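Next, two complexes with subunit A in common: one pairs it with subunit B, the other with subunit C.
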Partner chain A sequence: MILIQETLAMFKTSGFFFVTPGMVVMWAIGFTLIYLAIAKDYEPLLLLPIGFGIVLANLPLADLMKPHEGLVWRFYHYGIQWEIIPPLIFLGLGALTDFGPLLARPVLIFLGAGAQAGVYITFFVAHAIGFDLKEAATIGIIGGADGPTTIFLATKLAPHMLGSCAVAAYSYMALVPIIQPPIMKLLTTKEERVIRMKKLRKVSRLEKILFPMVSALVIILLVPAAAPLMAMFMLGNIFREAKVVERLNHAAQNELLNIVTIFLGLPVGATMNAETFLQPKVIFIFFLGLFAFMISTATGVLLAKLMNLFSKDKINPLLGAAGVSAVPMAARVVHKVGAEADKRNYLLMYAMGPNVAGVIGTVIAAGVFLTILK
Partner chain B sequence: MAEKILAPLAGKVFKVYISVGSKVEEDDEAIIIEAMKMETPVFAPCSGTVKEVKVKEGDTIEEDDVLAVIE
Partner chain C sequence: MFEALGVFFAGISGVFLGMGLLYFSIKIVSAVTSRFDSGEGEK
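Entry: the complex of A and B
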């Protein structure tokens, strides 16, 4: 008799009675992301924790995201809301980034900038559709193809959209090999695609050491709102190029980056509870995010074609697509499309130039939005 | 007339399809290089016999390194 009472009492504390259909939908979404990560290799480092975070946030009574008490809430609050994790990711990314290909042909920085035009165009379209300015900016930055920057901006401008924008950004990054080639081929002729790039000059060690220091100074003074991300990015790059802090460099690229990646994905996914996510507006975020990626690809390629009118050393316009800073996915895509046209054309290293420039471009774009809208 | 196969970019030697003495045709895939987690093929510049293979799988190479020589 007592046993039955105890068992009934256990059931009453269980969350099963409080599960809503919306929560079940969210579980499906979370597990789908995990499936895509594992079976299809879709950005697994981020989408797997995000997927699981989504499931965890939609488990009633577990209260993992309960303010001040939930475990995952603490990761979210101290890691993301306090803006610690995204800048630390950038510390790692800076240590991983080789600016050599960009420094060898500095003009490629314009391709990184050109691809950011998609961010601004999407911003205006999103606002025209009905999103407020801060939401529109967060949606626009998805076109920058930069996860931590998207998360950073969303946290500051539109935290209720953090989960959706992050999932959109990482999903489309995984789909870059599908999204970009049709646009690249549509906007270029076969003659343009087979353009061989002039040999990259050798970049001196001094240049590689000075670049992050000078960039940090100039960019942070120009766009102070971008400081947290830019400072960490350039510090990481200095670690890499100095060659005298290899322990720091190694930790930044490996242990640190891996650890903060764990604590980036999980809380971001956990912000996606059924109430905030299952709304009609969210579909628009996904459409606009895709639109942003596509427009950014197009503007990058078109800018390269424009630049070719003014320079005698022609730039292969495909490189413009690498301005979409999904590093190094977009660079790989550029190489593949180039190799389809001419199998002896090795565009990969040239494409890394605009690819890494695009990262800087996206951070600056985020800084500009923050400055104007905060 | 010997022709060198040069590395078109820096990376790691992923696969070597040729060996000393083997016959190759122009545009055959001779060596695969891995860079940025992507495999890129290097093609034979001419037809002939492989005289030297200077790299093996796993070697790190720089752009313009001589990978092989064909006569």
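Entry: the complex of A and C
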């Protein structure tokens, strides 16, 4: 009898006794993300640790997200709340980014700005349907299709929405090949899709070295709130282009980026507990995130068409869709849709210009939100 | 709602202003570096 009572007492102190239906739902969401990452290859680098983080955060009594005590909370607090990890991700991205195509055809930079219209249109719509200004800004930035920037902004403006916005951003980035092509085809004619771009000029090494320094200077002076992301992005790019710090360049692109990716995904997922996540608002976040992404694609394409009205050298309007900063996925989609219309039209290199401009555009958009709303 | 409208227009104009400044920066850098270019360009 005593043995049974002892066993029962032990069972009552175990986590099993405290599992709630909400937690089980969150496990299902976490395991779904893990499944999508492993079986469908949907942004596995982020969705796998995010999914696992969701499961961990919803294990009763484990207290992994307990403030000041939990292991994952420490990753979250010192890594994300202290703004360490998103800028370090940007350091790695900078080291991976080749600005050559953008420097060769600088006018394409405006396509990176055009796609940000979706961010602000969604911001306005989200506010109109009841989200406060900070929440609406965090939802709008999903349209920029830039995970680290979404996380950076959400941490500062709406930390309670961090998990859902990050998952929405990375999910839609994984779905770029499905979401973008119908919009691109709807807004362009076959004649426009077969437009061939003028050959890119040669870009000197000196230009590539000077660009990150000049752009860091210009953007940080214009939007100081964007400094953490912009500074690290351009530092990484200087590592790449200087060609005298290959060890640092290699470390930023590989070891550092891989390590911080682990410590980004896990705590972001762990912010999603049943109490904060299982709310009707979250469904709106996912719908609005998709809306933002679609509008950003559309505004990029429409701006390219508008530019063609005034430009001597025509731009293939498909390039506008690469203005969202899902690098290099959006550029690959542009190339694929272009190749469907004309197999010999090689758009990938040209699409990389607006694609990397989109990264800068999203950082500026986040910086403007922070400047006005924080 | 007016505040949201203000953020909307400030945001759009901020992004285009930033990109415009970068565009002219690239143009200036390109013009200046072409004087020093030894001809060893890369695509």
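Structure notes:
Note that in this section the second predicted complex is superposed on the first by the 365 of 374 C-alpha atoms of A that agree within 3 Å, B and C clash if a C-alpha of one lies under 4 Å from a C-alpha of the other, contacts with A are read in each partner's own complex, and residues count from 1 in each chain.
Please note the rule applied: a residue touches a chain if its C-beta (ideal position, glycine included) is under 8 Å from a C-beta of that chain, and two chains touch if they have at least 3 such contacts.
For clarity, every value in this text was computed on a predicted model and none was experimentally measured.
Between subunit B and subunit C, it is C that contacts the larger number of residues in subunit A. By the touch criterion defined above, A:203 lies against subunit C but remains apart from subunit B after alignment on the C-alpha atoms of chain A. Of the two partner chains placed by superposition, A:38 touches none, neither subunit B nor subunit C.
Once chain A of one complex is fitted onto chain A of the other, the partner contacts of A:218 are limited to subunit C, with no touch recorded for subunit B.
Look at A:343: by the touch rule set out above, it reaches subunit B but stays clear of subunit C. When the two complexes are superposed on chain A, none of the residues of subunit A touches both subunit B and subunit C.
The touching residues of subunit A, when paired with subunit B in their complex, are 328, 331-332, 335, 339, 343-344, 346, 348-349, 352. Against subunit A, in their complex, subunit C makes its touches with residues 1, 3-8, 10-12, 14-23, 25-27, 29-30, 33-34, 36-37, 40-43. Residues 8-10, 27, 35-38, 40-41, 43, 63 of subunit B are the ones that touch subunit A when the two sit in their complex. Those residues of subunit A that touch subunit C in the shared complex are 100, 102-104, 106-107, 109-110, 112-113, 116-117, 119-121, 123-124, 127-128, 133, 136-137, 200, 202-207, 210-211, 214-215, 218-219, 222-223, 357, 360-361, 364-365, 367-369, 372-373.
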